[in-house]
Amino acid sequence: MTSALIASGLFGRQFGDQDVAAEFSVEAFGARMLAFEAAWTRALARTGAVSAGDAEAALAAIARARPDAALLGAGSDRDGVPVPALVAALRQGLGPGPAAAIHTGATSQDVIDTAMVLTLIAVADRIGERLAALSGAVAHLRARFGDRPLTARTRMQAALPATAALRLDAWARPLQGAAARLPALRSEIGRVQAGGAVGLRDQPTGPAEAVAARVAEDLGLALGPVWHSDRSSVVGFGHWLVLVAGAAGKIGQDVALMAQQGVDEVAFSGGGGSSAMPHKQNPVAAEAMVALARYVAGQQGVLAQALIHEQERSGAAWALEWLTLPAMAEATAAALAQGARLLGSVTRIGTPA
Amino acid sequence: MTSALIASGLFGRQFGDQDVAAEFSVEAFGARMLAFEAAWTRALARTGAVSAGDAEAALAAIARARPDAALLGAGSDRDGVPVPALVAALRQGLGPGPAAAIHTGATSQDVIDTAMVLTLIAVADRIGERLAALSGAVAHLRARFGDRPLTARTRMQAALPATAALRLDAWARPLQGAAARLPALRSEIGRVQAGGAVGLRDQPTGPAEAVAARVAEDLGLALGPVWHSDRSSVVGFGHWLVLVAGAAGKIGQDVALMAQQGVDEVAFSGGGGSSAMPHKQNPVAAEAMVALARYVAGQQGVLAQALIHEQERSGAAWALEWLTLPAMAEATAAALAQGARLLGSVTRIGTPA
Amino acid sequence: MTSALIASGLFGRQFGDQDVAAEFSVEAFGARMLAFEAAWTRALARTGAVSAGDAEAALAAIARARPDAALLGAGSDRDGVPVPALVAALRQGLGPGPAAAIHTGATSQDVIDTAMVLTLIAVADRIGERLAALSGAVAHLRARFGDRPLTARTRMQAALPATAALRLDAWARPLQGAAARLPALRSEIGRVQAGGAVGLRDQPTGPAEAVAARVAEDLGLALGPVWHSDRSSVVGFGHWLVLVAGAAGKIGQDVALMAQQGVDEVAFSGGGGSSAMPHKQNPVAAEAMVALARYVAGQQGVLAQALIHEQERSGAAWALEWLTLPAMAEATAAALAQGARLLGSVTRIGTPA
Amino acid sequence: MTSALIASGLFGRQFGDQDVAAEFSVEAFGARMLAFEAAWTRALARTGAVSAGDAEAALAAIARARPDAALLGAGSDRDGVPVPALVAALRQGLGPGPAAAIHTGATSQDVIDTAMVLTLIAVADRIGERLAALSGAVAHLRARFGDRPLTARTRMQAALPATAALRLDAWARPLQGAAARLPALRSEIGRVQAGGAVGLRDQPTGPAEAVAARVAEDLGLALGPVWHSDRSSVVGFGHWLVLVAGAAGKIGQDVALMAQQGVDEVAFSGGGGSSAMPHKQNPVAAEAMVALARYVAGQQGVLAQALIHEQERSGAAWALEWLTLPAMAEATAAALAQGARLLGSVTRIGTPA
């Protein structure tokens, strides 16, 4: 959630998104941390670093584990991240061999960054679906109302007669552009993190590269170099959210302007009521889209500070990603969902006949 | 919460604050919306706008009400804000007289802004307590270690011999400065919002000013002019959070630097562990304080966009406050709490003897 | 200037302000650095730290000095700040006694921060004048058109009939609020910086406090504690600029909305032309005000990062102030100037008769 | 320049870049506006919209024109942008035929956006050169000191023994990553803007598409759809600057930490002096790089607000680009230049022998 007030539910689902939030839950994020650990154990076994039997016992322990927010949270309060507590819990009750088949050679950042990558891919796919839905809504309006007259407006002034198609095509293009970036985004963000304690994957020379390659393959990710302190792809993900939310915000701003009395270039089947003025029909979703787009845009200026990631691992820079990126994702998804609802309620675009 | 990942609890209480979050819950925020409605009804009765009997029935209905997240959230999805649904629920089953004794002459923004003011005052007091606790921890270290040698460092370089007092006094001053601002802050933010539908409190001429004055008095707030579209005090509250979080962030940054091997100007009784390097003692709280301070600082650049609040009420500008301010408050409180924990674990400040 | 493109002059004076920029020029800022050095020398003499004769020779050298951008810039490229080069130039050719009567006991930060304080006070006064001019323009419109009908609009929708006074009073209040803060702002920012090498003004015990007090008095500043690493007042200055620019931005946004065809609640005697559509009259100043307000608001999220000012002096944090604050001041002044020009061209506010 | 104080030269070239600034000067930017106009006139002639003779006379007038800051600035003060004044000046003294061969069918935004595109490509190339220089400096250090011992540090704590190669490779990767993005960036940003008055390039049906295609070809740009209100590529350019500046900022932060006494993992042949402590050697360039990276990162949160570009052309959103992007480019170039100077002065990386 973007804030405790939004998380309260008092403002409904205007500014948050349950589906995207669920991707960052203890269950979902924890499951991805466990998926990393299981892939790591399998890779250790396949590269001969641990015995098949020890790996089997370790995998059974991993399969039995259920992420426990209280235990992991307490671990984080002590260690900064939940991984030491998670690994200790996984190894609990195992003999030395199976215990050593868990996490050996990996570091907390490998687990969290890889779980984050898997989460962001899931988030990108959800947002991709919403992008498609909103694009579809725009296309539907284009088909229905594209030929209706609409005044082109520049610098807040009526400029020239045009048709609704001009406005609707301008809405469609950034949505399509963002959707077209999705494969490259998935590919850029979709790299395993497997650097070991200080990012020296291949040092001392040994099987570390082979382990990392198998973990990547197991999780459906690319390998690439260690990116412990190179946060370009994470900040790049934020940039994509900015573009998506901005595309929605432009639509919201336009709709709010079109809905003004005296302009009257859009009509709805519904709209928000007022506690003081029952006659009003507020385009509240349009305004929410603008607010969300401004919010996401501004967050990028905070997230990007994470690039100044000192030495081999910076807790201060890293945490900025956790503070901003999930909220940006939720806000972006909410802006798209609001957009689809808003356009779905449109009964006319363009000057009244 | 600042993000769904933080809200998950996986990262413990490092980046959020349950007490501050609770002030923005349906229960607490909803209770303050009801407190406004009750004060409004009483004011209507005292100014003779409604009969004592109608007010009594209305107040009974308000007293019976329990804020229902599902109902209010659904109302917000329709209306943008939960107030129309709340008012409808309060009036449910009442006769015309008692129903008219509820909310008449007020508008949604009056309810939400006033509830927000009451919430921010409660938040300020909690943060004030934490400021005092962190100041106390600094003073304690000053008393205990102030005379120990410590190298003054400027521009990341050893400059001159000094004592720990130099550093500790520099930590204390911005904390004290922020604490000293608290009364003025409470006074600036502590104004009722009571403008009516479009902010024309005194139009048509009549008892509106008297109603507003009584509501303010009832809620322990000042009156002042309508501030529907003047968000200076809200942005000013954010500024105070920035100063407080920044004071904590400076301490966190200094401690992280002091804890470096080779510098060794601070020692702790605990510290975070590592999943890969059990010998490490990470000052994770210090890094969290830096991250939180950067986060809060950056949010102010987003919150301040809310000043561009168009016409008599802007949903787009207003929502930016809800998206940012509660998260800023939580992050600030968390930074202070982390600071008190961190300094409480300090066993030495200054060069080892 | 806010950017090289704006500094080019291609966009006229819309987004910059020559008067405010001049306060940050080599001449003006350099003169204030010299004023600090002269006050320091006088204070050394008055407290008996140097002889009257040495001080006289030193003051003569300071009086002769003209800040040289090339020399000081080259010094900054070497030392980070221009002060070592400035001091070396002042001492050039002086005997040991007069040379020691210059800058002894002060540090670069004392000079730059104090010069910045004097500059910000001058900037505040210029902005105060522009605030008064814009407030006056609003008051003039209020007197002339306050009673004309104007539709109150909430959430981008026509709400209720009102008069222009409602809108104009809402413009006036944040302007007046910001003006009313000016004395407190001057008092908060108006403290000398005089901490010595590492901020230990009173250590070793000696005349440092007395020197600092006399420097403060000489420069018309308050004394207060050393604030080398406590940047609250500088960030507070930025906050004031945010409030001022936001007040202008709200007016700009409203005017742009009022000028729309179909709304027609404002008329101008001029307005921007179009290279493609000669019939258009764009309210370009109104849009510039919005852009400037968003710009200044966003900068505060960057400036506030300067609070995380590590150890006794942080070049990284400090420089953020130099990068942002002068541009914020110029943008704020430009927004006010644009506002006064815009409102001065208004020939009607409110619904056409 | 990023601010008037920086533009004063008092702080040398630490925070600005003359070469990049020059790309936004009246001469350079103005020449690109003229290049657009010339290409447009040629395209009108080639598509038969104007006669060869009229085009020839128009081209002669364009070739004679020298951008005049005073005239264009005054035009901007009236019209918001310098294009109407530029076009009027070009047409001055021409007969109706040649006058109509200038700018007909184009709009101000076509001129400014296309000139900006050409400018950003030039800027990207300059920054690309600096990226290469800084990468080269890192590679040089890698070859020279890569095998020296250096302690890997995570979360501000010594972690494990490693070699300088670990740190230097981590510096190299984001630089290489940003350089590798340059061709895609050039391709994404390198599209002509040619939409006509309201972005309806192909309406009324006619030769507009053919004109636009020839202008693009003439200027070495791609065609693509109109992007008057789709600012994704401009914001994407800002994102690239963020990545580049962040890569430099990470190096600066690391170097500042390595230069600490007690850590001593880097040595320089020079370094900044202190006015109070002549024994100090401040790594001032390292700190400047951090400040610049934080500045650029934060600007992206402001620039990205430009995505909410209402209707067919928003002066308010558009101007945010002019306010932020040139300053981001300069700051990024300065960070790279500082980095090359800093690393060029390194005489050792890694633990002293």
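Going by the order they are written in, the chains are A, B, C and D; count residues from 1 in each one.
We adopt the following convention: a residue touches a chain if its C-beta (ideal position, glycine included) is under 8 Å from a C-beta of that chain, and two chains touch if they have at least 3 such contacts.
Everything numeric here is computed off the predicted structure, so don't read it as measured data.
Undergrad: Could you find the chain whose CA centre sits the greatest distance from that of chain C?
TA: Centroid comparison gives A as the farthest chain from chain C.
Undergrad: Between chain pairs A-D and A-C, which one is joined by a greater number of C-beta pairs in contact?
TA: Pair with more contacting C-beta pairs, A-D versus A-C: A-D.
Undergrad: Indicate the whole-number Å distance between the mean C-alpha point of chain A and the mean C-alpha point of chain D.
TA: Once rounded, the distance between the two centres reads 28 Å.
Undergrad: Where the CA atoms of chain A average out and where those of chain C average out, how many Å apart are those spots?
TA: It comes to 39 Å between the two C-alpha centres.
Undergrad: Give the residues of chain C that touch two or more other chains, as numbers and ranges in rising order.
TA: Chain C, residues with two or more chain partners: 80, 153-156, 159-160, 197, 253, 256-257, 272, 274, 277, 282, 284, 287, 290, 294, 298-299, 301-302, 305, 314-315.
Undergrad: Applying the document's contact rule, which stretches of chain B touch chain A when the two form their complex?
TA: That would be residues 1-15, 20-21, 23-26, 29-30, 67, 69-70, 72-84, 87, 103, 106-108, 111, 196-197, 252-253, 256, 270, 272-277, 282, 284, 287-288, 290-292, 294-295, 298-299, 301-302, 305, 314-320, 322-327, 330-331 of chain B.
Undergrad: Over in the complex, which chain B residues touch chain C? Could you list them?
TA: 80, 152-156, 159-160, 162, 166-167, 170, 173-174, 177-178, 197-200, 203, 225, 227-232, 235-236, 239, 242-243, 245-247, 249-250, 253-254, 257, 290, 293-294, 296-302, 304-305, 307-315
Undergrad: Which bits of chain C are touching chain A when the two form their complex?
TA: Per the stated touch rule, the residues are 151, 153-160, 256-257, 259-264, 272, 274, 277, 280-284, 286-287, 298, 301-302, 305.
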